[in-house]
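These are the structures, in structure tokens.
Look for subunit A in each of the two complexes below; its partner is subunit B in the first and subunit C in the second.
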Partner chain A sequence: MNFRIYLVRRILHLIPVLLGLSVLIFVVSRVIPGDPLRLALGTEATEEQVQQLRQQTGLDRPLVVQYITYMAGVLRGDFGYSLRTHRNVTKDLLDFFPATLELTTVAMGIAVVIGMPLGILAAVRKDEAADHLSRVLALIGVALPRFWLAILLQLAFAYHLRLLPTIGRGPAPPTEITGLYLVDSLLAVDLQAFWVSFKHVAMPAFALSVGTLAQVMRLIRAGMIEEMRRDYALSARSYGLPANLIIYKYLLKNAFTATLTILGLSYGFLLGNAFLVETVFAWPGLAFYGVDALRFKDFNGVIAVTLVIGMTYAVVNLITDILYGYFDPRIRYE
Partner chain B sequence: MNRWRYLVLVVTAAVALTVSANPALVLSQPREVIFTNIETQIITAIDPQAAVDESSLHSAINLYDPLIYPNVEQGTMNPRPHIAESWQVTPDGKTYTFKIRRGVKFHSGRELTAEDVAWSMDRMLRTKRGFFWVFEPVLDAGGTQVVDKYTVRMRLKGAYAPFLGALEVFFIMDKDLIMANLRPGPFGEFADYGAAMLERQDAGSGPFRMERWDRATEMVMVRFPDYWRGWKDGQITRVHYKTVTEEATVKTLLISGQADMIPQWLSAQSFQELKQTPGIVVKEDPTVQLFHLQLNTKKAPLTNVKLRQAISYAFDYDKALQQIFLGGAKARGPVPVRVPGWASNVPIYSRNLNKAKELLAEAGYKPGDITLEYVWVSALPLERLIGLLLQSNLQEIGIKVDIVGEPWANVVARATKAETTPHITAIFDTLKYPHIDSHTYGMYHPSCWGTFRCMSYYENPEVSRLLEAARRAIDPKEQMQRYQEAQVLIARDAPSIYVANPLHRIAFRNYVKGYRYVGLLGFDNNFYDFTIVR
Partner chain C sequence: MWFRFRQSTLSLVGLAIVATLVLAAIFAPVVAPFPQHAGVFVDFDRGLQPPSPRNWLGTDDAGRDILSRILFGARISLTLGAVVLIIAVGLGVPLGLIAAYWGGRLGDVIMRITDVFLAVPPIALALAVTAALRPTLTNAMIAIAFAWWPWYTRLVYGQVLSLKEQQFVEASRGLGASRWRIAFREILPNAWSPIIVKVTLDMGFVILTGAGLSFLGLGAQPPTPEWGTMIAEGRTYLPGVWWAATFPGLAIFVAVLGFNLLGDGLRDVFDVEIEQWRAGS
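Right after this comes the complex of A and B.
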């Protein structure tokens, strides 16, 4: 099977997955107790007004009809009216999603850029001080609650050292194209705006990345140690190839496949679980918006957030699968 | 150089020197005074007629003007002139005529007139959002008439005691600006009534105009130079209104000086901590808020008044105030003590276990007979502590209490029917409009059943008659007398355990001057009142 057919098939597979997700979240959002219309209208609303709004929003119609109407809207890019923000959810998504996407992507970048060298170091210096230190760091990274680490970082870097801003995303770059401030400032070749945006994202992204960073570090270490014991590694060493060449060109590429799986999964996990970090840093992201929507039972907001996160998760995993082929040519597109 | 040229040169040089020595003379622009306010809730809408929560009301108060204003200078919520510079009421209490102040400008530059007032009232009654429910019983869309450019008349269906006070939350909008920016919507000729436009800009005449609004993070407001009340040095020129939900972050921002003021929603412990911090002022005021445990009088066994009284005598009010609220005043009946019209002769319950046991026996119950459900709002841990205290107190007279935490959405949903309403529900209830009617008629007249404010499902024909008479009364003395009589009867029937009028706490940097607690939700943060004195 060639790559193109494989890609089309994988994309087609996404359709039932997202459809299933939409049915599930649609039903769940309707059956959880509490009436969003009463919250939206204010607690003094009369029964008559509640019924009127129920009619306007179509919530008085059978669940199947509501679902079909909603999904028809989604296909047109209309996620419905938000009872919380009093505007179309699509506008909310356009405002909030780029912030979370940027935060999560930078967090993943940090996890890979710091986690991989530390993992390699731990493998190369197995059972030495660097290895023990990396093990302790990994344990701390996995065990430390993110929100607590976030508060500690704030106290250290914003309050005491005054190196980084305490909260927020900073001012939007003068030209907004993608909604990702780092990207937009680079596209506009505005290095000052890039630096300001980077200073704002650095702390929350690091706090968010720590768990994944620890996982990457440990997986790379384990993978590298396994690869180092293989015959091809011994042969390469006996031929007198330089250590760096063996590590980076041969061992790392093979050791990275397992880590890649975790990165794909982690990306989705970070997207959905950025809430605590977004709360501490007042980061205007989708997780923050989603939890607010959930608290106020804003049906359309909850469904839209779930679908967008689900879709991103699926796309990232598709990319991961494609990358397998690059790292391990033995994997065919079957 | 001739003599005149020489003179002009000398004068010019002198002016230049004076001006450079005193920059104030060149500044037609005021000194930039930036103020950073932190709030823990997002601003959900800048449409002032949709605002009901604190942060949205903050935006309304700063971007718009209400028709009349609470008399904050005298520390009361009674109405004083604002956009309406005077008013007259007919002897039957049904017709109000307001004289509109001349020379008030909208941010668009156009003058505010009676036409805008009438149009804004109709808009509120048609869109049925925000505080429309206060006006709806007595006023229909079209019931507000323009008499002339600066006179507007409102004809009510009947005399209505809270009407004038309620106008303090009626904000006037720029009719022409909104009508010129309509988008398709459900309101016929009024299309969306400006909803889309109000995403991007305000339509007000308030002291500040909106410069930027990033939902969920920040609204930037800048001084409106033509504000009709004028400006003086030291007043704020730019407000950064930021939303930060994490308590630890909020404290860090204030302590580090990155914020000038933080909101009331922090825990009492955090305010205690901030009190010890140099450079920070924690201001505490008794509130016009009631914290009470509503007893469902339509659900057995709480249908029995003696049982309700027994429970009221068993509760440990002092412990609740000292150890859970860390201050505040004990509630004395349904009306907060600071509200004009509070009845000093209202029956007050204090902890008396013997009396509680006697009443329980008189009610026909023995220890162990009763199990009650206590519901607390799961976002408010303080209410859980109150539940634990109640559980332990009632155990002493042989009543078992099951404590259940529910999200607010569920509490509101359960309140819609007496059968689904819990036996006991913990509720914080702030004055909804600046009148005693809010905490009497608004909580104990059967017309409010089905809302969280009326989870006691209280019904007493005598009280209903008194409250209806009070609303209709034209003579203020007679009106207050009716409300006071009703309070006494309500408290005697014990439809709630009246626990506390908690303290209102707020913290700000010590160079912020002019803050005063108003009591009417949101009005404390009218940034026009603040000056910065460093």
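Right after this comes the complex of A and C.
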């Protein structure tokens, strides 16, 4: 089957899943006990004011009608009115989403950039001290509560060593294009702004990445060891090709394929854990916004955040699938 | 089996950690230096004291002994893990079994619903559910279980698909066994080992997720000695008071590590068994 058809099918398959997700979240958020409108207006508000807001927000209509109206809005890019920020949720999302995307992507980058060489090292030095050390590090990395690590890093690098900023994203770069500070400052060729943004994102992204980093390290190690035993590796070696060439050009590419499938999945864990890490670092991202929406029972905010996370997760998995075909051309899209 | 397990030091460490946790949970009132500090107790004169011979891990803002609270916290975390996983397995396993063995339209519907639940990371889904409920420990358990069961459906589905083609299933069908009997009495017992491994590994991750929800203020509420709640409380006194947030976090870390090591150990044991079984020995 050709790749384009495969891609279209994958995207078509996503539609029922995301629709299902929207129904699920919608129903869950509408069974809220207590009155979110009363909460939004405060105890001072009269019953009439509450009723008026109920009519304005359409909450007096049947659930099915509410859902259809809501989804019609979503398709037009309108996620409804926020009871907490008193503006359109879409605006909020545009403000907060880039921060989360930047944080999780940098975390993923750290996991791959640090995890891959460590994994190779562990494979090359199998059963030596470096390998044992990497195993212990991996066990620790997976088990560390990321929000706790975030607090410890904050204590060490911000409070005591004063090397990195304690919280936040820092000032926005002068030109806003994508909302991703690192990208924007690079596009404006403003290296100083880039450095400031980088210092802000480094610690939260590292805290977020440890689990994924550990996974990448172990998977690359396992993949490399498996590839080393293959005939092609042996024959390349007997031809007298330099070890580094074999490792980096031939083995790594193949070993990376297996790791790639996990990367898509672990992006989900990064998004999930971002809720905790963003809270610790007061990182103005989607999760930070979502937690506030949760506390204030701002259901439009909650639904929107969950849907956007679901969509991001789906898109990332789609990208991994596409990359998968690049790394392993034998894969036929069926 | 025990012989294989015993050969790995890390598995034994895992078993030791888990056993200690369980014992700490059971005997918390006996071993905790200040059992009364687990609940509502205030002694502001001794508030925020650093670790000392009297309070090994220091005290929190209300003057409560952190060690005692961590020991009682083991009860909460283990209960949370157990309750969540009992629900997740109780719901997820039969659904996966039915979807794979019955197949057809019913199977499709079950798996499509599972896909929907798997479309968001569990913690994000659990958070969305807590929004609809009041923030309590029980509701946090419900929310996590709500997000966790599809993983078991997925796992069992894959297992059963391969098992149902095996000869022993064919044989019992030939003997006239009913579908229910084959599914639950013949196939399911053969699918248990990966489930047990996953449950052990998940105990750690569910405890972690529960602590995360409580940390965000969406699970157990103060003064419950829940580890995540304790970190959230202790965090407000940083950087001067480092112990109040550090030690409960260490407890979570050790607990998760223990279950991970134990789970890995069990997986190795079962993998070998499966290999031997395939080799016909």
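Going forward, the second predicted complex is superposed on the first by the 331 of 334 C-alpha atoms of A that agree within 3 Å, B and C clash if a C-alpha of one lies under 4 Å from a C-alpha of the other, contacts with A are read in each partner's own complex, and residues count from 1 in each chain.
What we mean here is this: a residue touches a chain if its C-beta (ideal position, glycine included) is under 8 Å from a C-beta of that chain, and two chains touch if they have at least 3 such contacts.
Quick caveat, the model's predicted, so the values are computed rather than measured.
J.: Just subunit B (first), just subunit C (second), both, or neither: which does A:Leu21 touch?
T.: second
J.: May I ask you to decide whether A:Arg295 touches subunit B, subunit C, both, or neither, giving the answer as first, second, both or neither?
T.: both
J.: Touching A:Arg76, do we find subunit B (first), subunit C (second), both, or neither?
T.: Once the two structures are laid over each other on A, A:Arg76 reaches no partner at all.
J.: After the superposition on A, what does A:Arg84 contact: first (subunit B), second (subunit C), both or neither?
T.: Touch partner of A:Arg84: subunit B, not subunit C.
J.: For A:Arg229, is the partner it touches subunit B (first), subunit C (second), both, or none of the two (neither)?
T.: Once the two structures are laid over each other on A, A:Arg229 reaches no partner at all.
J.: In the superposed arrangement, does A:Arg4 touch subunit B (first), subunit C (second), both or neither?
T.: neither
J.: Does the superposition put A:Gln56 against subunit B (first), subunit C (second), both, or neither?
T.: Touch status of A:Gln56: first partner only.
J.: Check the residue A:Ile151 against both partner chains and state whether it touches subunit B (first), subunit C (second), both, or neither.
T.: Both partners.
J.: Taking the superposition on A as described, I'd like to know which of subunit B and subunit C A:Phe281 touches: first, second, both or neither.
T.: Once the two structures are laid over each other on A, A:Phe281 reaches subunit B alone.
J.: Show me the subunit A residues, by the header's touch rule, that subunit B contacts in one structure and subunit C contacts in the other.
T.: Looking at subunit A, the two contact sets intersect at 33-34, 147, 151, 154-155, 159, 279-280, 295, 297.
J.: Could you please specify the touching residues of subunit C with respect to subunit A in the complex?
T.: 10, 112-113, 115-117, 119-125, 127-134, 204, 208, 211-212, 215-218, 231, 235, 238-239, 242, 245-246, 249-250, 252-253, 256-257, 260-261
J.: Show which residues of subunit B lie in contact with subunit A when the two form their complex.
T.: That would be residues 42, 44-45, 47, 50, 52, 128-130, 133, 186, 195, 199, 214-218, 242-246, 248-249, 252-253, 255-256, 258, 379, 407-410, 412-413, 416, 432, 448, 450-453 of subunit B.
J.: Along subunit A, where are the residues that touch subunit B in the complex?
T.: For this pair, the touching residues of subunit A are 33-36, 38-39, 41-47, 49, 56, 84-87, 91-92, 95-96, 147, 151, 154-155, 158-159, 166-169, 172, 279-282, 284, 288-289, 292, 295-297.
J.: Which bits of subunit A are touching subunit C when the two form their complex?
T.: Touching subunit C: residues 16-18, 20-21, 24-25, 28-34, 139-140, 142-145, 147-148, 151-152, 154-155, 159-160, 268-269, 271-273, 275-276, 279-280, 290-291, 293-295, 297, 299, 302-303, 305-306, 309-310, 313-314 of subunit A.
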